[in-house]
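I have placed the structure first, in the form of structure tokens, so that the comments after it can refer back to it.
Just so it is clear, A, B and C label the chains in written order, and each chain counts residues from 1 on its own.
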């Protein structure tokens, strides 16, 4: 009995080894390698794991592939994982032919020498809104073209505001917003929820307030910057915002808003589909600047780029693929599925025509600003890390807003 | 087992046993509460996810998460199963002979091997994964099931060598001596005496190897992402979008993924208990 | 490293494997003079695993050391031409204001987790070692947390510990205790991740210790009971000493696993707020991978400090084993 089990065990073990060697033998340069001998296969990486193999997105890629006469092999990564994977692949000289990547990462990858410029890859970016394209520019060069954009605004719960006697039209600046929060709290509801987690998401959410105060990323500890952080800190202290924001991702924060208890939530374009499911009447409001007007919000969304290849002959086909993906009709389809705002006016108009609710978002995107813009490039990630740390320190009460931002500024230098 | 049956007739003992079962149930309930909570979340509607205070039971339960998972995730379960079993086979095949050598053949410098395994376990998983990535790329093993099996086995092999050595040193030297006198070489001795006597150790190691590979994520995401065969831990990532996560689907996947494994666990339990024992402590 | 190789061969061969030393020492004569053929056989059996060790562990380890000794930027990471800078990355790490808190948190996290996991694991093992109805099934159920991918179990914990909508605060509220900011207050975050990690580690301790208990001969307890020893005395005089080898290996493995825990902390708190739950493992990850602009060098340096820590504890363990063996 034992003997037979043992023998079977060896047999299986041998099979595994045989399989392993077999795969080595026949798949070298095959499916897993971007630069296979099979030049008819082009690889594409995207940060959309939510799109399955039979999704519209996957079909679109196949379609663009057959139009260019090649087979597109797609791999989806979790977005936080993608930067490392790209660097690693580039190090091994195995970059994908087309790479779709979160916009603040573009300048880092460009710095690493992973991406080709539009001079090399011949992408046409003339139709793209300049403020959106700026996120993909560094040192006067453009490294890709946006596939869609999103940004932040304030969602509000109409029922809660009505019960608290707040008129949305009265919210023009920080003071009136705080006054509204106070009223909401008095009415027994909860004020505002956002995400201040210790990652890029936290910086992304803090930026509209930071920029809205008139502060600049090159000087974190300015009086304006401190006023923005004090605004958040005071909301927490007074109970206008829940303590959990310190650990909230944007999804968690949305779930809080979806419970129907909160008056406001700072969140992005991508929640529109969920907002319709929430079961209450909601509205969208641009984030106010400190003393009136709208604050610039950061642009979110991904760029389509063409990584550097050993074989420069591949760029021509890669360019065809990217052009197909970012053609007017495909942009419209893709941005509708992603719940993004299109990067060109032409498609934006089409989106508004189809869904009037998108209008405030299109305006917000037009007013938005890239995080790596102002020629910050690879300085942005360092600044951003110190910024989210400072936000966390201040909100959790470990440090005062002044001290936290002062420390952050000296760490950036 | 025997003690329980022989003592059962005495009423006082029976009462204590009942009391113990109750305590055991309470302890298990406390331990498994987070698992229950996961189940609860998997059934919760989006708008109730952050209800304060939370509902103890999914009052407005939704099966949406499960519908999604059953539609999309079953192939991943199959892949995970294959990878888990492959890891088990590979781990045992590598570690059992090593355990025998370390326990009974006393090789010069064998201790260094054991020590190195200890240190090797400290290499951060992500660095291991990066190493494998570079390695597999040149071998063309990326996104392949055998590749993932080899990578996952690195989680279990050090532990397995340790456990096998422990068990096998429990086998009396006299028995092996006798085999040797009968003219059996080391291979025969290992095959016909040591391995059969270590059946429990094999089961124990298999169980751990299976569990580790079942829940591995780092290797899967680095080495198997985008391939034709992805394990269930990657399946979960399909519900984690760029800006949005579908928590009831994530939790539902976890529930569905743990069901077959739980069955295996409960079935294997009796072997495990008996298994780790044999060589661990010698009287 | 030298230290190990200098150990007497026979001893080191078994000491590396902890539990093995509990076996009766073999006859000294045979152990001293080993036939060469047996040496060949021994290495033939060890060959696959040695090859495996070299193939799959040596390269990543080499790579991690190399990363820590060069000045890597994203550019030089890709181009592979990073200049050699010696121990500069280590200096950077030592001078970093995060170093001291991270060290303290690592020590506290590891020590507290280890002690609680072991004590709770042992208590449960003793409890489940008594035979009562359902004891085997319940013990098996204790392993269920192991089946869950860490991303799920850690997320579930952060869900339960949420300040506003978490079940834990709801329960505390019900008994009249105000809300605790488990994950968002600098004074509680470390405690929270420790609790979650203990929960994850208890099953491992339970299984290994339980199997150790089972092999303690029942006759010893019966004899002690006849001598009138109470349950507590029996535990201290029989169970605990006889379990020592298993305890040692459990604690050592526990230490190795706990030192490198990062997923749980990363998912629950990201090491924050304000670094209040940052350990070396999460710090290393944050430096290398948790930022838009990775700094691989210092990240790898912190990772190597952990490897060194494991090395030191491994040596301590060998020492203790040797002493026990000698006595």
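Assume a contact is a pair of C-beta atoms (placed from the backbone, for glycine too) under 8 Å apart; a residue touches a chain by one contact, two chains touch by 3 or more.
Only a predicted model underlies this, so the values are computations on that prediction, with no experimental measurement involved.
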Pair sharing more residue contacts (C-beta pairs) when A-C is set against A-B: A-B
Chain whose mean Cα position lies farthest from subunit B: A
Rounded Å distance, subunit B centre to subunit C centre (Cα mean): 16
Distance from subunit B to subunit A - Cα centre to Cα centre, in angstrom: 36
Two or more partner chains touched - positions in subunit C: 162, 164-165, 289
Where subunit A touches two or more other chains, by residue: 91, 256, 259
Where subunit B touches two or more other chains, by residue: 50-52, 93, 130, 134, 150, 247
Contacting residues of subunit C [partner subunit B, same complex]: 4-5, 7, 9-20, 22-24, 26, 31, 34, 38-39, 41-46, 48-50, 52-53, 56-57, 59-61, 63-64, 124, 127-128, 130-153, 155-157, 159-160, 162, 164-167, 170, 173, 199, 202, 207-208, 210-212, 214-218, 220, 242-243, 245-246, 249, 252-253, 256-257, 259-260, 262-263, 281, 284-285, 288-289, 300, 303, 306-307, 309-311, 314, 318
Residues of subunit C defined as touching subunit A within the complex: 73-75, 77-80, 158, 162-165, 179, 181, 183-186, 269-276, 289-294
Contact footprint of subunit B on subunit A as seen in their complex: 2-3, 6, 9-10, 12-13, 16, 19-20, 23-24, 27-33, 45, 47-50, 52, 74-79, 81, 85, 88, 91-92, 94, 102, 150, 249-252, 254-256, 258-261, 268, 270-271, 274, 277-279, 300, 302
Residues on subunit B engaged by subunit A in the complex (per definition of touch): 46-52, 72, 86, 89-90, 92-93, 130, 133-134, 136-137, 139-147, 149-150, 191-192, 195-196, 199, 221-222, 225-227, 237-247
Touching residues (chain side subunit B, partner subunit C) in the complex: 1, 3-4, 17-18, 20-21, 23-25, 27-28, 31-32, 34-35, 37-38, 41, 50-54, 56, 93-95, 97-98, 100-103, 105-128, 130-132, 134-135, 150-151, 154, 157, 159, 161-162, 165-166, 169-170, 173, 185-187, 190, 204, 211, 214-215, 217, 233, 236, 247, 250-251, 254, 257-258, 261-262, 265-266, 269-270, 272-283
